[in-house]
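Note that chain A is present in both complexes that follow, paired respectively with chain B and with chain C.
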Partner chain A sequence: MSELKTPPSGGAKAAAATADYLDQRTGVGNAVKFFARKVFPDHWSFFLGEIALYSFVTLLISGVFLTLFFVPSMSEVTYPTEGVWATMRGVEMSEAFSSTLRLSFEVRGGLLMRQIHHWAALVFMAAIVVHMMRVFFTGAFRKPREINWVVGFVLLILGLAAGFSGYSLPDDVLSGNGLRITDGVIKAIPIIGSYMSYFVFGGEFPGHDLIPRLFTVHILLVPGLILALIGLHLFLMVMHKHTQYPGSGRKNTNVVGYPAVPVYAGKLLFNFFVVFGVIALMAGTMTINPVWNYGPYDPSPVSAGAQPDWYMLFLEGALRLMPGATEVMIGPYTLSLNVIIPAMIVPGILFTALAAYPFLEAFATGDKSEHHVLDRPRNRPFRTAFGVALLVAFFILVLAGSNDLIATHFHLSINDITWTFRVFLFLGPWIAFVVTKRICLGLQRKDRELVLHGHETGRIVRFASGEYIEVHKPLDAHERWLRVQHEAVRPLEIEPAEDSRGVRRKGYKADRMRQRLSQLFYEDRVEPVTPAEVAAAHGHDEHDEQHTAIEGHGQPAGVGASAHGAEPDGETAPDGRNS
Partner chain B sequence: MSTHDPHSDVVVHGEGELPDRFDDPGLHEHKPRQADVDPKVAKRVERQVLFLFTLSILGTIGVVWAYFALPPGETPDSMRTSNVVLGVCLALSLLGIGIGGNHYIKVLMSNREYVEERHEQRSSDETREIAVQMLKDGAQDSGLSRRGALVGAGLTALALFPLAIVVPLIGNVGEDWNVRKFKHTMWKKGTRLATDPQGRPIKASDVTIGDVWHVIPDGLNELEHGKLDEKAKAIVLLVRLDPRDLKSDQSPAGETWGYDGIVAYSKVCTHVGCPVALYEQQTHHLLCPCHQSTFDVADACKVVFGPAKRPLPQLPITVDDEGYLVAQSDFHEPVGPSFWERATK
Partner chain C sequence: MKALAARRHDRRAPALLLLLALLLVGGAYAVLVPSSADAATTKTATADDVATGEKLFQANCATCHGASASGTASAPSLIGVGAAAVDFQVGTGRMPMQSDGPQAPSKPVVFDDEQISQLAAYVASLGVGPAIPTEDMVDPSKGDPANGMALFRTNCAMCHNAVGAGGALSQGKFAPNLWETTPTHIYEAMLTGPQSMPVFNDANLTPEEKRNIIAFIDEQGEVSPGGLDLGSIGPVSEGLWAWVVGLGLLIGISVWIGAKSS
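Let's look at the complex of A and B:
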C-alpha cells in the first residue's frame, strides 16, 4: 500500500485496512489488477446472454422462496372444505397440488413468486435461444470459442430439462398429461422402453415417486449443473476476451470497448435489476399457468387447446405431424416409428446440427486461425441461410404444436392444417435457405454498389451537353471500411487426383468430398471492393462529383490516417454508423 | 482476420500502384455527448436519476405496505389485487435502480473507449516444452511405467467401483420391474361399468342413443393403493349408437362385445397415452386433444387421421341380471401407447 499524501478520512482508512487484510491473505490485488480495467466491447446484442444469466438468478431467488412452501409429495389429500379456493373444496389431490394452491393463495406474495418463477423460466429459455442466434449468425463460435459454443449448447439442453421438470411439479392435470405423453414416448424406445418407463416413474405411470424425483432433479441436479456450466461459460468468455463487431479500429488483434470498472461492472449490476424488474412486472400483471383452474392430475380428463410451455412446443408439433402408419411390427415386436421419429430423431437431427455446426464450418473453411471480429451475417450467406432454415423448421414445428389453436381461431380444418405443415416442414427450410442466401448476396452487392458509387444524393445535374446525371456522394472512410473489411472465403483448393506422372494419390476422395462441402459453403460469394476497383469505377464516371473525391483518396493508406481527411464534402451528411 | 489469400480475382489490372485492400481508418474520433458539454443537461440527467432511485425506494416501501395492508384474502378479486400491487411495487423497486443506474452510466459516466491488445490463446512453444517435460518428470517419479500389472489392476478397480453404487440404484429405482402390468387392467368378468368420477354403476337403459359416458370400473374409487395407476389404464369411453350406424366393432366371430349399439372403448390413446376425450356425435369420431389422432367409433375405432396407428382396444361388455352394464373380461390387448413387447404373450 502506497503512502497517502493527504491525511485520509476515516472511511478511506478502514477501506485500506480491509483491502490490506484481504490482500495479505488472498492476493486479491492481483485479481483486481487483472479485472478492474479489463476492456469489454459494447453492443446491445451482447445483452442477450446477460438476460439469460439474470433470469437464471431470478429463478434461483424465486425458486428458493417456493421450496420453502412446496411439498413434493404425491400422497393423496383432500382439499379442505374451508379452503380459500372454492372450486377445489373437497376435491382429492396430491400434496404437491394442494401445497401449490396454498402457496399461491395463502402465502402472501406466494402467487407473485410463483408467477415470477414461471415467467423467468420462459424468459430464460427465450434469452438462451436468441443469444444463441446472435452467436450463430455473427460467427462468434469460431476458433477459439468452439468449446464455449458446446458449453452454451449443453446449457440450452439443461434449460429444457429444468423447465420441463419444474413445469410438472404442481401435479396439475395439464402437466400430468404432459408426463403421460412423456411416458408414451419413453415406452416407444425399442427393447428397453418399458423398463425405462419403470425407471422414470418407479413402477407404473403415474406411481408415487415421480414428483419427489422431479423435485430433486429440478432443484438440485439441473440447477447445480447449470451453475457450474455458467461459471465455465463466463470463465471462457473472460479468457477469450469478448468478440467485437467489425468497424473502424476494431481489429482481430485488439479489443475496443469500455473498462470493467466502472462502466461494464455498473451495467452488469443495473441490467440485473432491469431484467428482474421486467419479470416482476410481468408476474404482477399477467397470469401464467393458473393450475387452480385446471385441477389436480387425474388420468381421465383432458382439455382441448392444451399447450406446453413454448420451448416444448416443437416436440409436441413433431408428434402431431407424424402420420401413424409408420408404426411397424418386427416379428412379434412393435417399433413405434410414429413416436420415435418425431420425439427422438427429428430433435436429434436439429440439435446435432446445431451443436456440430462450428466444427462443420471450420472443416469446410479449412481455417485454423483465431477470429475475434464478428461477421456481418450477410457476408456469410451459407451460414446465415443454414441458420434461418433451421429456425424455420423449428418455427413450423412450434406452429404445428399449436395447430388446434390455429384451427379454432381461424376456423380451419385441423386436418388441412396438419397436412399443410407436413408439407412445409420439408419445403419451408429449403425455401428459407434459398431466399436467405439470395438476400445476403443481394445485400453484399448493395454494399459493393455503395462503396463503388457512393450514396445517392437526389441532386440531378445537367451538363452543358444536355446530359443529366445524378450526383453520388462517396462514402467516408469509416462507412467504407465497414463494407470492405471482411474476407470473402473461397472454396478449398485441393491437389489434383494424379501427380505429374499420372499416379493417383491416396486420400484424394476424402479431399474431394471436403472440397465439395467447401464449395457448398462458399461457391456463391461476392468479393469486397478493392481500392483498384474504386479507382476503376471512377474512371468511368468522369462527370461525377466522386471524380474529384477519388483523386483525394488516391492513397487510401493516407486517408486512413485522419478521420477528418476522410470526410467528403458531400450534400448529405454521412451517417457515422459503423454497424 | 484470416489466413486466406487476400488476393482478389476481380482486381482490375493495370493499377499496380494501388494496394489490394483498403486500410482500417482507425477509431472514430471521440465525440462529446450533450451532457459532457452542457452542464444544464448534466444537471437535468442527475435529477432524472435521482427521481428513479427515489421511485425505487417508494416501490420497496410499497411492497412492504402491500404485504401488510393487502392480504390475498378469500376472493379471486382480493387475490388479484394483492398480486398486482405487490408485483407492480416490486417492479418499481427493481426498475428504479436498474433504469436509473443505466441512465447514469449511459449519459454521465465517461464513455471513452479503450483499446486492449489480444494475445493468441495457445501457450508459447517454450511453455509447452516445459509443460511436457513436467508431465514426463511426474510420470517418471510415479514409477508406474515399470509396473504395468499394477496400472491395469488399478484401472480395472476404478472402472468397476461405480457398479457398487449403480446396481443398488438401478435395482430399486424401478420398483418390482414387473413390466407385464402394462398388459392388464382391473377390468374382469362381471365388473360393472361406473360413471367417472362418481363411481355410480350404469344401467343400459340409462344410456340413450348419441350419449357418451366417461366410465371407470366399479370399485376403483374404493381402492386403497395405486388408484391413479389403475385408473390410468382402466378409463373407458362408452357410446351408444343407432345399431344401424354401427358398421363394425372388434368382436371376433361368434362373440358380441357390444350391447344393442352400446360399445365401450379404452380411453387411452394408442399414440402416446392421452385420454381420448372429445366425441363428435355427427361423425361418430373420437378425437384425442393432445395430438389429434381421430378414431371412428362406428367402425371398430379405427384410426382415420393423426399420429396413432392402432385402433383403441374395445372392452367386451354385456348386461347383468339387474340391467347394469358389465365387462365380459379384461381388454384382449394392452391399452395405451405402443411398447416393444406389446404384442408378445
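Let's look at the complex of A and C:
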C-alpha cells in the first residue's frame, strides 16, 4: 500500500488548509459531513420542486438586472419623437412605461432579461403547480409533513402575489385592465369595499401611488417572504428526510437513495443550468408581454383578448362565467354577487380545499403514524379522484377565461362556449371524480389479479388428459411487494350510541359524523392481497401456476408461500439493484 | 442475387418514394394551377361598366339582394351603400356569400378586379354612397402610426385586439385579423361598417385619422423584437407555450436524468 501514498499536491494542501481554517472558526465541517452523508431517494418527480426553486433563482437574478433600469414612477413623460418604436413616438406615458420601453429597446440585453424574467415567472408557477400535484397524488403531505404542505401552499399564494404585482408594473394597457378588475373586486367587498379601494390605490383608481407601491411589494416584500418560506420549506424537507416511492427495501424507517455529495450536488448544479437554459432559450426565441403593443395605460381602452397570465386565468374565467344578473340591491346598497362569488368565493373554495385537504384526510383516516413511503395514487382512490376533480374545475375555469380565443380559433359561438362551461363547471368535477375513482379501483383489482395469478405468458399447455391451460408466470418478489405493500385503509369504527345499559354515549354524534366522512373516503376499496390469499392461490388455483402445473402437478405448493406477501429483504432486484 | 434483392428492398425506399411522389404532385400543381388575374387597372366608371356591372349583379347577386338591389328578407338593400362597400365585400371574397352563417368570412376572391369595379360602378349608380378611396388616402407611409395607435386602441382594439390580431364577438361572429388586409379594404371597412362593424364616417374619424390607423396597422406583424410573436394574442398563448415548451422540456429532461440513475 505504501506506493499509493503520494505527497498531496499544492492545490490539495491549500484546499485542506482553507477547509481547516473555516472548520475551526465556523464548524462548517459538521454541516458538510451531515449533508455529504444525507441520503436522497431518486425519482424524476422529485426534481419538480427543484424546477420551481431554480426558476425562482432565475427570477432573482434577472429581476435584479431589471431594477437597475426600471423607474417605478407615475410622472408623465413624452416618448421622444425620434424614439425607437414608431407607434409610440410623441405619445404621453408614465415614466414606468417609458423606462420599460427603454429597457426593452435601448438597454443591451434588456429585452432578453425582461423576457427571461417573465418566462421564468410562468415556469415558476407551473412548476409549483406540478410539484404540488406530485405531493398531493402521492400523499407526501401526510404526517409529519402537513406543516410543510401549508408552507408550500403559502408559497403558491405568494407566487401569485409576486406574479400579479410584477405583471402590473410596466403600466401598460393590458396590466392596467387587470388592475381595473382588481379595483372592481375590491370595491365589491360589502361595506368596506370603496374605502379599501381608496386605501389601496391612494385615491380614485388609478391614481399615482399604485405603481411605486406595487414595486415595493414586488421587489421587497413578496420575494423576501418567498425566500424565507423557501428556507423553511427546505429546512423541513431536510429535517423530515425525503419521502420515497414504495418498493422493496423501502420502509417508513429508512431512506433508500444516494448520498448528497457527490451524486446530488452534481445533479443540483446540472438542474440549475438546465432550468436556466430552457428559460433563456424561451426568452431568446419567443416574445412575452410585448408592452409596446398595448401602449401606455389609459383607463378607457380595453382590447379584445385581454387576459391575465395563466395562473390568474381561472379568476378571469370565473368572472366571465358568472351571469351579471346576480347583482342585487338591498335598499340603496348594491351587493355585487356577480363579482363576490366568482372573484372571492370560487377561489376561496378551491384554495381552502387545497390547503385543508391533508387535515381533512388525517381526520377521516384517524391515522396518527408517520408516513415516509409514498402512496401509489391508485391505492387512495378518494384522494386521487378528489385531486383530479379539483384540477378539472381549475382547468374549466382556465378555459372559460380563454373563451374568446377558443371562439375565434375553433369558429365557435362564444355564447355557447360560456354556457357549456357554466354547466361543466358543476358537472365536470363530479364526472372526473367518479371516473377517476373507478379507474383507481380498477387498477387495484388488476394489481390483485396480477399478484394472485401472475403475468399472462400466452403459452398454452395441453396435459396428457387433454386439458388445456394457459401458463401464467408468477411475479417475482419485488413486483409482488410493490403491489401488496400498502395498507388498506378501512372506514373508522366507532363505539355504539348506547352502552350495555342503554345509556346514550356523549360525543356519539361527532363520532358518527367523522365515521360518515371516513366512509366517504374509504367505503369503496380493494383490499391488497394478503399472504394467506397468495398461499391459497398457489395451493388451489393450480392451473394458473406454472410451477405447480408443470413441475409438481397436484403437489401442495403453499409451503413457504406465506412469505410471498412479505417484504423481499435481501433479494436482488431484477435490475441488479440490491436495496 | 440475395444481396441484390436485399438492396432493392432498402427500408428507406418507401419514404424516398413518398417524398418523390409528393414533390411530383406539388410541382405539377404549381405548374398547372390557374394563375390569378393580376391586371390591376384603375379607370373611371363608364356607362359601359355600369351596364356590365348590372349583368354581373343580376347573375351573381340578385338572388339574395333582389333584382333591383333593393334587398330581400335574407339580404340588405344595396341602394346607397356606395362603391366602397362593394369593393370591400367583393374584393375580400366576403361576397358572394358562401353559406348562411353568423357572418360572411373573407375567402378567395371570385371576381377579377375589372369585374369588381364594374359591380361597384353599378351599385354606385343606384344611389349616392361612399366612394373607393384613392391611393393617396390609404398610403401608410403618409400616416402617423403613433396617433394611429391612440385612435386604434380607443376605437378598434376592443374587437380587433390591441394590434389587430382579431377577436371574438357574440354568437359566433368575430372581428377578423387585420394584418393581411390591404390598406384600401381597411379604409373601406371603416367607411362602410361591414357586418357587425360600426361605421366610422368622416365626422367620427377624419380621412387623415383613418390613414393614421392604417399606418399603425401597417407597423404590425413586420418586426417582432422579442422573437416569435405567438400570434400576438396575449397571455393565454404565452401561458400555453410556457406549459408546452417550458414545462414540457423541463419535465422531459427530469425524466431523462431520473431514468439515468436508479
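As a working rule, the second predicted complex is superposed on the first by the 532 of 579 C-alpha atoms of A that agree within 3 Å, B and C clash if a C-alpha of one lies under 4 Å from a C-alpha of the other, contacts with A are read in each partner's own complex, and residues count from 1 in each chain.
Operating definition for what follows: a contact is a pair of C-beta atoms (placed from the backbone, for glycine too) under 8 Å apart; a residue touches a chain by one contact, two chains touch by 3 or more.
Remember, it's a predicted structure, so these values are computed and weren't measured experimentally.
When both complexes are overlaid on chain A, the residue A:N415 reaches chain B and chain C alike. In the superposition on chain A, A:Y258 makes contact with both chain B and chain C.
Once chain A of one complex is fitted onto chain A of the other, the partner contacts of A:D20 are absent, as it touches neither chain B nor chain C. Of the two partner chains placed by the overlay, chain B and chain C both lie in contact with A:N403. Judged by the touch definition given at the top, the superposed model places A:W44 against chain C, while chain B stays out of reach. By the touch criterion defined above, A:F270 reaches both chain B and chain C. In the overlay built on the shared chain, the residue A:F105 is in contact with chain B and with chain C. In the superposed pair of complexes, A:E498 makes contact with neither chain B nor chain C. Between chain B and chain C, more residues of chain A are touched by B. Of the two partner chains, chain C is the only one touched by A:I288; chain B is not. When the two complexes are laid over each other on chain A, chain A has residues 105, 111, 115, 257-258, 263, 267, 270-271, 274-275, 278, 284-285, 298, 300-306, 403-404, 414-415 in contact with both chain B and chain C. Those residues of chain B that touch chain A in the complex are listed here as 1-6, 8-12, 15, 18-29, 67, 71-74, 79, 82-88, 90-95, 97-102, 104-105, 109-111, 113-118, 120-121, 170, 173-177, 179, 181-182, 196-197, 214, 216, 226-229, 231-233, 235, 267-269, 271-275, 277-278, 289-293, 303, 305-310, 336-344.
The touching residues of chain A, when paired with chain C in their complex, are 42-48, 51, 79, 86-91, 104-105, 111, 115, 118-119, 122-123, 126-127, 130, 173-174, 257-258, 263, 267, 270-271, 274-275, 278-279, 282, 284-290, 292-295, 298, 300-311, 313, 401-405, 407-408, 411-416, 577.
The touching residues of chain C, when paired with chain A in their complex, are 102, 145-146, 148-150, 153-154, 157-163, 165-172, 174-175, 216, 219-220, 224-230, 232-243, 245-247, 249-251, 253-259, 261-262.
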